[in-house]
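Just below sit the structures, each encoded as structure tokens.
In what follows, chain A forms one complex with chain B and a second complex with chain C.
Let's look at the complex of A and B:
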């Protein structure tokens, strides 16, 4: 399901299946994109942040068109205990690889992979400095 | 042949892209086909232009023919110049029959009576456009052929398109000659400028696709807002919103191509409104500010703002009124009464 922001329109509530993974896409060229994600985050139920949320930063191939600080994005990931992925949608190879990663994450979040749950993502994110 | 004429022809030919030179010389018609055959168009432009000057020498070209070539060049490359739009007004309602010879005669007479040293050239085109080229001199100097003014007049309309030369002081004289020649009594400059002459014509002649308000309670069925979404597994949560934006956009901009403007300029003469405690110019004097929107194609980019998610739909009427009001320069004054802003009515 694609949406431009949260909350989702309520008129479609009855048509929606269970949500297993939320991917917030941030376009590195647009400050507005980051702002939009930050406001949408407030509408997400806390239970999702146990591994069912991830941030996808797009447009990283165009280094000179960056409008967002990498710091800001990484801090966002830390604040919400969610992984941050980087990709460049304009390159087919990277696009396909990123899609595969997301599908893999989705399988785990949906409980299709025995023995691995979404909570694993959270523990994988712990900084080695913390130990 | 006059040295200055030769040089002027040479420089004009140099401006033309090499592949276009032959066609333009043919359009000009001053050199015969036989003469054109003798030209080698595969050498460097410097040499081509020298050869053209030679041939013009043989035909004894004078400034009139040189000016004609210049008009042809500027007609084809009209978008290199900046055009302003002027509107003329008649005192009475009589529709007078337009006589082109009479127009030319009156125009020349009016200009020449004020300024002896001018070069005036006319050329008519099929779309009823009369192109006028005027090179300006002074009582003591011959006309400067390199800084002429161009006027495009469609005789069935009250509109004149002027690309003034840098010598702006001649503009009042030019305007006077135009109203005398065309039997109008008044001319005013509209706040509309662009490089694209055709787009200016589209706006004032209302040739662009306008939206006619038709009562349409529901969005039209079967309209595919996202044609590339062939995969039915992708669900657009905000489809209703997207369709609303699309519909609003259609209503405002119509569905055809927009006229091509490069900028819109808003001059603010409003009071700066701040927290009175901040004491920053609060209602003491107007906050002078100039907002300028530039784009290779301003109206198309405005049209794509809402669908791209960069602006809320509907857009501000200040932006969307540009083609309807036929202006892209605005002065915004203080709120008066109930209406948000008042425009300067010229």
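Let's look at the complex of A and C:
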């Protein structure tokens, strides 16, 4: 399901299936996309941040068109304890590989992989500096 | 640091195309006349080969190389190197008939990040600016690349860096009534390209920057973000368009203007070192 921002319209709440994973897409060429994601995050229930949220940064192939500061995105990932993935949608190989990664994450979040839960993502996020 | 305004007057009000240049190997400051002769011979030879710059025009190209000792940041920087190509019609041999057809200069303003880390024998002049026909630029560039084993790359300026520039330059104090602060955006993904020009009265822009900047002389990313967000919010209130979703391609202030393709124009000698320092930093980060 694709949405341009959150919250989702309440009229369809009762028809909506369970949400297992939320992927926030940030285009490095658009400051607006980062702002949009930041305001949408406020509408997400706290329980999702236990491994059911990830940030996908697109357009990383074109560093010269960068409108947002990478530091800000990484800080966002840290603040919300969620992984940040980088990809370039214009390259077919990377697009396919990223899609596979997301599907894998979704399978885990939906509980289809025995022995691994969404909480595993949170422990992988722990800063190695802590050790 | 205080360059003689007469010597640097030629830099102002010209559109310079920017390149980053890796350190030059085996460059000797004392051999400029010799290099000028070699470059002259190279250009003549390339013309013979049929890579004539202008068809049907008989022109001799005279090359002059000079050092601009004042154009640098600190004593640790290399002095700037100016290359000028003049043409003299074969009909006349008087030097007063020489016409400047192309100029390019290498410089380094506060580039210690790079010069501290290069081995012996290398000269760091990471920023190259050219003005004139592209064919001459590539001739001069090829000769330098072959002779000093360096590499030239066009220096593009990202929207992020352009927003730093407009925030910094809009905040500069200028005596005379200045021209408007202009930002040009290109709107992506339309069948017909659309450019949006957003012009702000320079006093308003400076007043806005003054309320945002906390410490004079220091600028942070947060301050630049707040400044830009105010401009975007103002525009959205009036036109219901989110400029933050468009691509910032050009910024223009009374101090200088810059285009994302790596073209700058410096309008005010007072802020020349500051502008060059920023451009040197961009060139160095492209090299590394």
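Here, the second predicted complex is superposed on the first by the 131 of 131 C-alpha atoms of A that agree within 3 Å, B and C clash if a C-alpha of one lies under 4 Å from a C-alpha of the other, contacts with A are read in each partner's own complex, and residues count from 1 in each chain.
Simple rule for what comes next: a residue touches a chain if its C-beta (ideal position, glycine included) is under 8 Å from a C-beta of that chain, and two chains touch if they have at least 3 such contacts.
Keep in mind the model is a prediction, meaning the values are calculated, not measured.
Within the superposed three-chain model, A:12 lies in touch with chain B and out of touch with chain C [touch as defined at top].
Contacts of A:114 after superposition: neither chain B nor chain C is touched. A simple residue count on chain A separates chain B from chain C, and the partner touching more is C. Contact with chain C, but none with chain B, is seen for A:31 once the two complexes are overlaid on the shared chain.
When the shared chain is aligned, chain C comes close enough to touch A:67, but chain B does not. Overlap of the chain B and chain C interfaces on chain A: residues 32.
Those residues of chain B whose C-beta lies close enough to touch chain A in the complex are 234-238, 240-241, 309-310. By the touch rule above, chain C contacts chain A in their complex via residues 156-160, 163, 188, 221, 225, 228, 232, 242, 244-245, 247-248, 260. Contact residues of chain A toward chain B in the complex are 1-5, 8-9, 11-12, 15, 32.
Contact residues on chain A toward chain C in their complex (touch as defined above): 29-33, 35, 63-69, 71-72.
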